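The same chain A turns up in both complexes below, where it pairs with chain B and then with chain C.
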Partner chain A sequence: MAEEEVSKYVTLVSNDGFEFVVLREAVLISPMIKSMVDTKNSFREARLSGRCKFEEISGQVMEKVVEYFHYWYKNREKEDVPDMDIPAELCLELLVAADFLGLDSKKPPPPRGV
Partner chain B sequence: MEISKSYRFHLTFHELTSSQRSNRQQRAGRAIRGPHSALTDFLASQNISANRIREDAEARRNAANASNVQTADAGASSTAGNGDATQVAEAEEAVQVATAADKAAEKKRKSQAAAIDKIKKSKAFKKRKRQDEDSDSDGIAEAILAERAAPLPGQMENCEICDKRFTVTPYSRAGPNGGLLCNKCGKELAQDDKDEQAQKKKKKVAARGTARRQVASNRLDGVIGCKSLMTMCISTLVNNIDLADDLGDVPAQIVDRVARQVAKRRILTPMSLNLFLQSGYEDVTVYDAAKLGADDLTRIFQMVPKLKNLKLKNAIQFKDEVMDYLITRQTPLDSLYLHGANLVSEEAWKRFLVAKGKHLKALRVYFTDKHVGDNFTATLKDTCPALKCLKIAHNQQVTDVGIEHISELNELEHLSIQLITPTSTEPYVKVINSIGRNLRTLSLTGESLADLDDRVLDAIHENCTLLRKLRITHSEVMTDAGFVRLFKNWANKPLTFIDFEKCRHVDSSKPRENAHLNGLCSDGFRALMSHSGKSLKQLNVHACRHISREAFEDVFSLEKEYPELENMEISFCEEVTDFVVGCIFRTCPKLKNLNVFGCMKLKEVRVPKGRILVGMPNAMGMEIEGTED
Partner chain C sequence: MAPPNNEAMIEAMMKALALSAARGIPPANFQFRPQPIVAPNADEFDFNWKQLESALRDIHEKNASGLSFEQLYRYAYKIVLKKAGDRLYENVKQFEERWFTDKVCPRIFDLISRNLVDMTLNDVPGSSVVERRSMGERFLKGIREAWEEHNTSMNMTADILMYLDRGFTQGQNRPTIFAATIGLFRDHILRATIHETNCIVFDIFNATILDQINMEREGDVIDKALLRSCTSMLDSLYRTDEENEDEKLYFEVFEPVFLESSHAFYKNECERLLQEGDAATWLRHTQRRLDEESDRCATTISLTSLPKILAVVEQELISKHLEEFMNLDGSGVRAMIDNDRIEDLKLLYQLVSRIDPKKSALKTALSVRVIELGYEIEKVLAQTDFAVLADEASATNGDKSKNKRNNASAQLTAAAVKWVADVLALKVRFDRLLSDCFADDLTLQTALTKSFAEFINRFDRSAEYLSLYIDHNLKAGVKDKSEAEVELVLEQAITLLRYLEGKDQFETYYQKHLARRLLQQKSSDLEVETEMISRMKRELGNSFTHKFEGMFRDINLSKDMSEAYAKHVRGLGASSHDQIGLAINVLGGNNWPKETVGKYLGSEQTGPGINFPAEIKALQDSFYSFYSKDRTGRKLTWIASAGTAEIRSFFPKVPGEKSGPKSKDRRYELSVPTYGMAILLLFNDLPDGESLSFEEIQERTNIPQTDLINLLTGMSAIKSKRVLWKEPNPSGKTAPGDKFKFNNAFVSPTFKVKLASVNVANQVENDEERKETDERTLESRRHCIEAAVVRIMKQRKELEHQQLVMEVIQQISGQFKPDLSFIKNRITDLIDREYLERFERDGTGRAEYRYLA
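Then we have the complex of A and B:
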């Protein structure tokens, strides 16, 4: 029954209150967010129709993270993909955020259609 | 007058229905001739008559008027009873003419719609659609139609750009808005286009070159498709390493990855070294210290007082003075990894071991010429009682005597030896007999092992029960029977890493004959896989060329599965066929990399998607990335 009600989108909220509505399938690349919005577990985020607040991530960084989600989603089936543009001044914060969200190549991407 | 009007209607109607008939004939029939200009003659030769065009237009206009008044006319004629017959006929004709004109218009509209449909299917349309995606498809199709309907060669037209009148030729160019251009404007536009195209081409070719190399490099690194955000962040960071003041609170494993990238691009300088030296760090890893001087290396100990794990590669300037400075510090070193530190003298090593050996758990020394020798290993027993990991690689001084000393290191769990001078079997057997029961890793590599025989394998079989990683390479004397004895009923758990590279019979005069089954052959390979297959992650049987095709087919027969295997090296195993490789991919679901250099029987392998096959003997190049589902 829960399967029916799940929204196609999730909302990611940065610490300064910016909200980003992202396709649910696109955020599944992050094991962290995946487990947060997983309907099977009892996280609060799942019940409130996929709203995740990140106290550690600023809006500026979150924007880039969301850009990456779309970049990944768009290119997930392709082979040679051009790199995404990352501004040098953001890259350290983004690095920490990427680590926090588990956006690491060593972990295999989740299977499709999950 | 009315009759003449009706006659004209007749005529036009007639013309409309038999439009194929030539104009010239009609004109001759009517025999009304005026003075002819050259243009009229030319147009006549092209089947165009000004007269006829005028008449057509008039007919259409009249038909339109007639159809408007037709109903009124018809009503009038019926009330008149036996009214004027010509009037009725006229009305009828008008109706006919009107329907004919309607039909013609309808036909024209239909044919235009068909033409637009056709254009929409055409290549030119698709190409243009791709070029400007935002404009709507109908607009493009209409533009193309207008272009095709542009004046034919030989006619006059006003230039779209300069408004000059010019003669259209087959070479007249279309302007930006679909009209035609005069010769001069066309030439200018062509030049612009050419420049633009040349620029584009140049860019594209350059991109293709580097991009292709990058793609190939990525594949060999196992990177397929999207890079992770972290990888991209790290490469951005490394590109701008000069701008970074410090890495802040980035976790240690990420600092390590940054350090690797920095070393890969060889941009680790005394300046960028500071990024990796923070007082809170316990690990310092410098993968390329070639550009650092002795002062920079000393600075490591000054800036990182809690240093526990130090790893320095290409540490050429790690000299006695640096070692002596380390000895004077309180740094509680757990592990030391020194690569290329040639200049540290034997005495300095001894002083270091005496001062710091007590806590030392891991000691790895690579590429030293003279000063790490038998005396060095002899002092380890007394100075480093807690040593768990010892690796001596590419060493020229340690001999059989030195190896025997290792047998006294009772705590040792990981032992790795790669020597240059030839060694014999006995000291290794002694080491394994005395400390084998604790060993997790045993790695014996290098040319010095050519004479290593089955006694080592038997000793491993009897003593080792905790091994996870086993590597014995380059032995030319070990036999297949020895390998079978090792793996059969071995009390050790299945291994995760096995490397028997170049354990094979060598005889340059009769290379194919192997009467005594030297090296790892078919039975040894079967025994190996049945013992360790279920947990094996890495397997290297490079150049074990007496493993038969049957053995490979047995081991990788489809009912078996090797669930953990990720990397496999079967280069120079001569009997490997397309079928065997196919079976390997099917029986090893996690296999990511398979190396098949020198497997000359391979012709055409279908590689599953996401897997990488390296070293196919074909002209395509040396690696294939899978596309099959």
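Then we have the complex of A and C:
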């Protein structure tokens, strides 16, 4: 598998079985998912063509997370971007998920030696 | 608004949450996670840790492919959420330390054999290079392998423990888990002490790398990639877990020993090279070493060390013994210059420029050599007997009419031409070196110019020689030369002129030589003459060439005037003197050299001019009346010494000769100096066979004695020009008391015969004349300085000595380089003559001068 070309997409799976196919580049904003699908580390998720199951995240939340990934990816080099719509009732859960995925880091993870 | 980022997102969510809470609406569908949040439960921690611990082991054993990242991440996540981050942190550290002590260290320590320690640290000889190399490589490879494994494992570990860093470490201000674990390699391996030998692994490690590098310097092939890995390991480790950028182990530990060992290595090498004593080898070797070290930094160690290691090579191989190498006999700078070793000089320049932007050492060496070679030229010149040289030349030409003994004038010209040619050749040589080897370096160029100026000006006849050289080229050479060659001569003359300090001296000589060329019509191309002068003008300014231009103007005006006069005479109709053509040069007294004009103007020394024959006198009067028609009040003085005359002469057949030229009447056109004409005309009135004595001739013509001797010798001593028969001793030198008669038997193969005075040594100054010229130069310098002093003081009224001297030097530096004491004398003289007075300024006690109107 390692010899094969890395797929452009990864599949995120929620705890209730919803699958979301997302552009690989778009998920890299989450340092956690980034490490998870990093082929260098060769954990199970990286080996299974980027299929990642999240036992802690529901489909409803995951949908919003994926929407954010795409929202970020689409607008990452633009100025003056409209706010993303976030339903108030999902906020708390989204916060928890963002924390889990490392999306709230104030600064990027410290660099490491190679 | 900035591009979207996580932080802004979180903020938006928090705001929304706060809003809905304020409105009292509980978020719909809000479900709490199944697990209740409780205080850390020992069992739960142990369970999670056990899972992680086994994963860590799997990671080390490269068994991680079955592990789920999400799961492991979640274990750590839970532990941290339960506020047990510190325990996890400590547990991971302990686990890794244990792993190190149990599994990694023994493998490394096994590689460190007694031999390796002896060879690298204790410098014990006795094993072959091959052995040493392979042993070192084995050790380094072991280290590299362990490092790579550790590095990969720690990266993976840090990835699954990411939440620990975020949720715990960052808040605690502790090193990240990665920094804490990667540093174990440094603490447990590199800083470990091997007990039996009591040495530190790090020292062995460094020494082994250096040993390998030195092997490569000696020409062995080593595994560059291996060394590269080892040094880049040091580049990613830090002195502490704080990981401060400037505390990388590479800079902290490795680089200093590397530089130190390089110092030692190159020091030895330089001493060896010095003993070999060949600068060319040294140059090439040094250049090669510099290239090698650059390569090494790029491929084997780190590029960040490049400037430092180059500095080491520069210091050890170049700076320390630079002068010794440059002074080496047979291969040093001197030999390089003498043998045109272009490559060597180029290299030397490059190396010297590395260590010294001013290139002082090279500059000095070049200057010294230029001056030496300059003196060499003088010495050779002094030793060369130009009489002999010229003799050989004429012998090969088969020109028998030439005097056997070359006259002084030709000798001097030959010397001047040789001197100039030699100096120019030297200049060309160094110019080539400058462009080929020294990249047209400005500092070196300045130094060379200075050195040239120095030896040229130390040679006291340079001004005269330069002018003679130009004279020689304009007189004879130009005709056969192409435009480009002429251009070259002019250019070179100007080049040398630039170096000359005694420009006033040059002016005097040039004036003299130019006058002769113009009056005797020896100049072969007036256009070139004008070009030469306009170049001097460009170089030295109007005032320098003012007189020369005046001379040209006089000559041109005179030409017109001669023509106008001829026309005027024709208009008068036949008269007694219509057979004598007159070409006249009217010279303005100031522009012409004193030798030509002065004697007859000031005329105390020479008395009244010569007695012209009656025919000529009539001609003179006629011309004067013509001349003064337009210019009343002008006085014309006839300078017989500067003129020539062409005389149609008739030699009747010699009685008794049956055949041959003497049996017929002969007509020749004799070209003689004006003096010569005056002499020859005396014989017109003399009956055949009668003679005139030297004294009679002198009395009737009033020609100065020396000129007369020269002339009479020229007309009697040489057989092909013997129009006068001298008694006694026809072919000898004329002396007072000799008698002369018209030589009826004169025969010449050519119709035109040129009779010149012999031994006049026109161009040359004999010593006396030179003394006179020097005296005159000195005199004019005296005036020049006095004029400058007065000019300055008139303007400034009061001035200190030092300032005055400086301004004087500034004003006259275009003409010559004055001596300080010379200026001082002039000032004193001016004080004596009451142009200035000395006074003391109140308070300062310093002497100043005041201008007296």
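Here is the rule we use: the second predicted complex is superposed on the first by the 102 of 114 C-alpha atoms of A that agree within 3 Å, B and C clash if a C-alpha of one lies under 4 Å from a C-alpha of the other, contacts with A are read in each partner's own complex, and residues count from 1 in each chain.
Heads up, the rule we're going with is that a residue touches a chain if its C-beta (ideal position, glycine included) is under 8 Å from a C-beta of that chain, and two chains touch if they have at least 3 such contacts.
Fair warning: this is a prediction, and the values are worked out from it, not measured in the lab.
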First, second, both or neither for A:32, with chain B first and chain C second: second
First, second, both or neither for A:83, with chain B first and chain C second: both
Touching partner for A:65 - first (chain B), second (chain C), both, neither: first
Partner chain in contact with A:98 - chain B first, chain C second, else both or neither: both
Of chain C and chain B, partner touching more chain A residues: C
Touched partner set for A:56, first chain B, second chain C, both or neither: second
First (chain B), second (chain C), both or neither touched by A:75: both
Doubly contacted residues of chain A, that is, touched by chain B and again by chain C: 68, 71-72, 75-81, 83-84, 86, 88, 91-92, 94-95, 98, 103-105
Sites on chain C touched by chain A in the complex: 1-7, 9-10, 12-14, 16-17, 19-20, 25, 27-31, 33, 64-74, 77, 151, 155-156, 158-160, 162-163, 165-166, 176, 178-179, 182, 232, 236-237
Parts of chain B lying in touch with chain A, wherever the complex brings them together: 211, 215, 218, 223-237, 239-240, 243-244, 247-251, 254, 625
Contacting residues of chain A [partner chain C, same complex]: 29, 31-32, 35-36, 38, 40-47, 52-56, 58, 60, 68, 71-72, 75-81, 83-84, 86, 88-95, 98, 100, 102-106, 109-110, 112-114
Chain A residues touching chain B - in the complex, by the definition given at the top: 65, 68, 71-72, 75-81, 83-84, 86, 88, 91-92, 94-96, 98-99, 101, 103-105
